[in-house]
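Each of the next two complexes has chain A plus one other chain: chain B in the first, chain C in the second.
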Partner chain A sequence: MSVDQVRPSANGSAAPSVRPPAGRPAKSRTRHSRRAGRWWTPWLFLAPALILFLYFKFIPMANAITMSFQDVQPYLGNKWVGTDNYATVLTSDGFREAAWHTIVLAVGQTTGCLVLGLALALLMEGQSRRLGVIRSAAFLPVVVPIAVVAELWRIMYHPTGDGMINSLLGLVGSGPSGFINDPHTSMASIMVTGIWRGAPYDMMIFLAGLGSVDRGLYEAAKVDGASRLQRVRYVTIPGLRSVFSILFILAAIRGLRVFTEVFLLTNGGPDGSTEVVMTLIYKLGLEQNRLGVGAAGAVLLFLATLVLTVCVHLFRRRGNE
Partner chain B sequence: MSAPTETALGLTESRSIGGRVAKAVTYALVLVVFAGPLLALLVGAFNHVKDPTQLSLIPSGATLDNFRTAFDQGVLKYLLNSFFVVGFGLLLQVAVSVLAGYALARKKFRGMTVVMVAILATLMLPEEILAIPLSLILADLPVVHFNLIGTLAGMIVPLGAWAFSILVMTEFMKDVPRELEEAARIDGAGDLRIFAQIILPMCKPALGVIGVFGFTMIWDQYLLPLLVATNSSSYTLPLALRTLRIDPSVTPGVVMAASLLALLPSVVVFLFFQRSFVQGLTSGALKG
Partner chain C sequence: MNKPWLTGAGILTSAVLLTGCSSSPAGTQAKQNPDAPLELWIRTTPGGPGEAATIKLAGGFEKATGKKVKVTAIFDDFETKLQQRAAQKNLPDIVLNDVTQIGTMHSQGLLREIDLDKIKSSKDITAQGLASGKSVDGKQFGLPYSAQASALMIRKDWREKLGLKAPQTWDEFAAMAKAFTAKDPDGNGKQDTYGLAAPLSTKRGYASWYFSNFLWAAGGDFITESGQGKYKPSMTTPESVKAVQWFRDLGCKDKAIQPGSVTMDTPPTNETFEAGKTGMYVVGPYLIPRFDKSLGKDKYEVVPMPKGPKDATVLAEGGSVYLMAGSDNQAGQDAFADYAVSAEGQKLGMQGTEGYIVQLPVNKTVDISTVRPDPRWKTYSDIYSASGRYAPSIPNWTPVRQTTAETINALVADCGLDTGAKLKELDAKLKAVLEEQGIAAS
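Up next, the complex of A and B:
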């Protein structure tokens, strides 16, 4: 129905045009119900979402917490073991090492993505169509499925001198490197792959942020005789502060929960040199069936992301005051 | 240069030959680093690549053999599985999100804040953390006791709970003018009618954002299908890549052909709906 059709009945009080619809009692025409409908109407609209969130977010989260205090034995019944699982996790060398690897990877990837993403954004800011095409091309790694990224880089990282990246390294007289097959370089290799996929994402967000930096300040800086680098250092980067903190949180959380690329590139090897928390949890929980211990690890990982997010928010609020 | 197009680095200002060359070299380098590997994948998929050392950017004797072998290995079935999951998963996700968004944006009711906060909180809850309990729940859904492990439905149903889409819809629906709704209500239209005929048609931009974003998200999914799939008949294409690679009889060329098929849908969707995609990206980032 169009608005024009409705308007006359809204203005005029002519009774025939506002007759109640069939089957509905006249009471429902009161002002209250016309505005708000019945009390359960919103819940009806929300029902599918609430059921799905309950089943696939809230119950799993509650289960993760209870399982972390239990010795989980499917079909046999769970046994309450207090904080034993947490003790097992926190005292095991494997978990500590995995936590360390995760932090190294998260810090490295986050820094790499932020720095490279900012550099790309600064280089490719502009309105020309040619730049737009280059930006889209540089953004492609973000939309490529992570499984494809991993398989592609596995091939490029081929450890002999004829491998794609090794032959490039050969041109500048270095290598061949074992990359993901060598415990000394495996972590850095995963990091590079992660940065390759993550930096263009940060670039896009930075570009959006660059658009909102006050142009007048650039003019003013120019008038004051500031060089290009000074302009970036004193005008652009301060203007991007909120973008930095958002990207930092996103990248750090992405880094802590890293799973697929490690699972596919090295699966924690060689010699456990790239074992991260999630690959360890996957092995404990789903391959060795030590579900309680795996759940405890997952809860700890969740707490880490929570603490990190809260810290950054507090830090931001203080910075803004 | 006029003020509005001024950029931070002011690269467009450089008119000297040296500056132009430096600019061209930089852009070429960016393209080689970020698009080069994907180009190598494209070339490799159509080349006879017998081992990984033969990966190159130069095509030599294009062939469809890799795709033929890939289809013999069941890649077509995996691709269809992927499309099935993304199709129904996206349908469910969008339907759930627009319904919830309508209630949260256009209604005032007791408990609304609690619902909103609960949904928002799941934005900070990575699915990786829920992996273990989620796999147990999918094996035996509470109350109804269905076992979804090993079925494509097990990969689809959890996709319905996606806070980002609900958030985008809620924010957008809030801005639809009240007058339209009031007028329809006076004419006797119920909530379902107002939702379907007035609010929803005005939300096309937001639908574009959650559609495009949901598509790439679902297509990229790895852990959930990994938890659910028990044998190759329920593999999605991304999952199957690993199995193909491990199989010693499959050459890297075939893996690359399958990889190309796995990346094409999301790249095509991105290129066609770039505007919606970037919109969703920035709004998602600025809200998350």
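Up next, the complex of A and C:
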């Protein structure tokens, strides 16, 4: 509320000083700029932030793009190699599989997180004080460092009958499963770990979104004789539309850049069954000390993320129209 | 309309240019100053015992020669940080890093050639140690200062309980692994022990690193030199195939390798040995202090690896002294390298119970038992001299190690795969790697 009230007046004083609207009489412009100070005053205020951005974001990004076209050997001098680095990444053994695995993992984790997150949010919506404790407990996986999460799941995924999850499976008469150690189950196991970690984050955002759904609609639906499931289907989910789209973008970006949990749990193994784009780039670029190749991989991933984000935006805009 | 934008951008650009000018260009031949302090980088944990030991060695060098050394310990992203210094054309004078880094550092032009005539003690270095510091073109670009080799650690109490003797052949090795798996050596009534502890993750090429101890003993090889610095892949030779099959059977048929091995690097594998889940482990001497503390000195023993189909060759590794290019004190660099490999430097580097940087001496005139009376160290030292073999110094060894690790990992993880077909695939990949590095034999 307060932000909305403040914004128009702030715009009113700053914006014209940067770009005076065309066609305004010259006299009024000079008077106006005298009141607002020199034209460069806003730049001066922006300068600290801009310089920081320039040094820590834009220059490194430009460097990475340059490096992606070079054979990087700082001491001898970098050599231009054209698109060789891109060719190395794109034709490397297993790139196509890695790209496919990344998509599978991204789709699986995103769906799992959204579904589980929504379910948790619906279960935990409400004002009761006890719910706060449970919500915090449910949120814990998000704040635990990923290295700890990976170690925890490695223990839970112990591939013999006395392993934690395997002993549970044993109770219902199945298993033992190899989990991350078996090429056939490793991908699903990593996905479950990712969902376990990501779902509570989605839950929190859903909870915030649920608060903004008009209570009156629920009551109206109830009066109309809608069942509980129908209320969720026709009131809650449409009401959470914007939340869904933001979570979808965040999750998709996170999904494409998935690295740490894969690196720590399997490093792309066994038998390359969990190799994703980031672990492949890490191997080709950093472990082999070929920074140009690493940069090329990073640029490719950046482009993919950009395309995805733009697509989701377009899709959303069309949906809104 | 655009003017403010342009000027704003202009201010920022000039700010960038001004700071950009501060790095000074440096030629490859810097002006020499024999009194300039030497800057030394070592890949070890900052503040850890490794750093303290390096400072001690640098202290000994200062006392012997009067030249100053400034030690910097870096562990994470060591290579990247070195690249940053390379970009500034201002490398440290000396780098102590892994032997296998020679190819990468040399091909990046970071190293200067070492003139062995100026290093008096170089004549005392073991033959294979000296060879490990030669680049693919046969020139000396590194000097080993510390060596390691692999030996077999066995749970002594388990072996005695089952009435076995230390294995002398591969058959006995496999039999012991099987017995440790099936015969409940810890006597808890449960089938929860395994023979061999093996880190077979693809991370940093662990699977390949571990398997080299078996591959070489069988007479196989990852790549074979075919003269004039050219190599050809050799994972499909009968010897290599046999070694892979034998090792794979340990895991797939006998189930004698710890479960989960294919996603384990060394830390969790060490834990299986410490926790009494595994009874045999092929590793270097650096784990002795740790296992003495966690497991107890009396619980395990160190024996040489049994003779394989060919011999008892094991993987040798270690650290090398690298003299970096562009130094303004080349005389100082030579002096430090000479001190590090001299009998005095080697003995000083071995002192201490945890904080030592010389694992096994590379200097033939140094008897390890004069510094470390524990006979297990002598065992390791003898194995290194007699059977230690380094990875070849090709321009970049990492891709070879990664690629082979992936195949070994796959073969142990999925027992349904066809060994021959998978190794054929591997050879094709290795050929591509060698071609890319320009060292493939036609």
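The rule is simple: the second predicted complex is superposed on the first by the 268 of 321 C-alpha atoms of A that agree within 3 Å, B and C clash if a C-alpha of one lies under 4 Å from a C-alpha of the other, contacts with A are read in each partner's own complex, and residues count from 1 in each chain.
Going forward, a contact is a pair of C-beta atoms (placed from the backbone, for glycine too) under 8 Å apart; a residue touches a chain by one contact, two chains touch by 3 or more.
Worth saying up front: this structure is predicted, and the values here are computed from it rather than measured.
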For A:Ile134, decide between first (touching chain B), second (touching chain C), both and neither. first
Per the contact definition in the header, classify A:Val232: touching chain B only (first), chain C only (second), both, or neither. first
Tell me the contact category for A:Ala298 with respect to chain B and chain C: first, second, both or neither. first
According to the stated criteria, A:Met187 is in contact with first (chain B), second (chain C), both, or neither; which is it? neither
Per the contact definition in the header, classify A:Gly272: touching chain B only (first), chain C only (second), both, or neither. second
Examine A:Asn289 and indicate which partner it touches, taking first as chain B and second as chain C; both and neither are also allowed. second
Once the shared chain is lined up, is A:Val144 touching chain B (first), chain C (second), both, or neither of them? first
Applying the document's definition of touch, where does A:Val89 land relative to chain B and chain C: first, second, both, or neither? neither
Between chain B (first) and chain C (second), which does A:Gln73 come into contact with in this model arrangement: first, second, both, or neither? second
Check: chain A residues flagged as touching chain B and also chain C 18, 39, 43, 50, 55, 59, 74, 154, 158, 160, 162, 263, 286, 291
Considering only the defined contacts, which chain C positions touch chain A in the complex? 1, 4, 7-8, 11-12, 15-16, 79-80, 83-84, 86-87, 89, 91, 104, 107-110, 192, 201-204, 259-263, 268, 325-326, 396, 398-399, 402, 406, 409-410, 412-414, 417, 429, 432
Counting only contacts in the complex, chain A reaches chain B at residues 1, 3, 5-7, 9-10, 18, 20-21, 34-37, 39, 41-43, 45-46, 48-50, 52-53, 55-61, 63-64, 67, 74, 120, 122-128, 134, 136-141, 143-148, 151-156, 158, 160, 162-164, 196, 200-201, 204-205, 208, 210, 213, 215-216, 218-219, 228, 231-232, 235-236, 246-247, 249-250, 253, 257, 259-260, 263-264, 278, 281-282, 285-286, 291, 294-295, 298-299, 301-302, 305-306, 309
Of chain B, residues touching chain A in the complex: 3-12, 26-27, 30-31, 33-35, 37-38, 40-41, 44, 52-53, 55-56, 95-97, 99-100, 102-104, 107-109, 112, 115, 118-119, 122, 124-126, 128-137, 141-142, 157-158, 160-161, 166, 179-180, 182-191, 195, 197, 216, 219-220, 222-223, 227, 238-239, 241-242, 245, 252, 255-256, 259, 262-263, 266-267, 269-271, 274, 277-278, 281-282, 285-286, 288
For a test of understanding, state which residues of chain A touch chain C in their complex under the given definition. 18-19, 39-40, 43, 47, 50-51, 54-55, 59, 72-76, 93, 154, 158-160, 162, 178, 180-183, 263, 265-272, 283, 286-289, 291
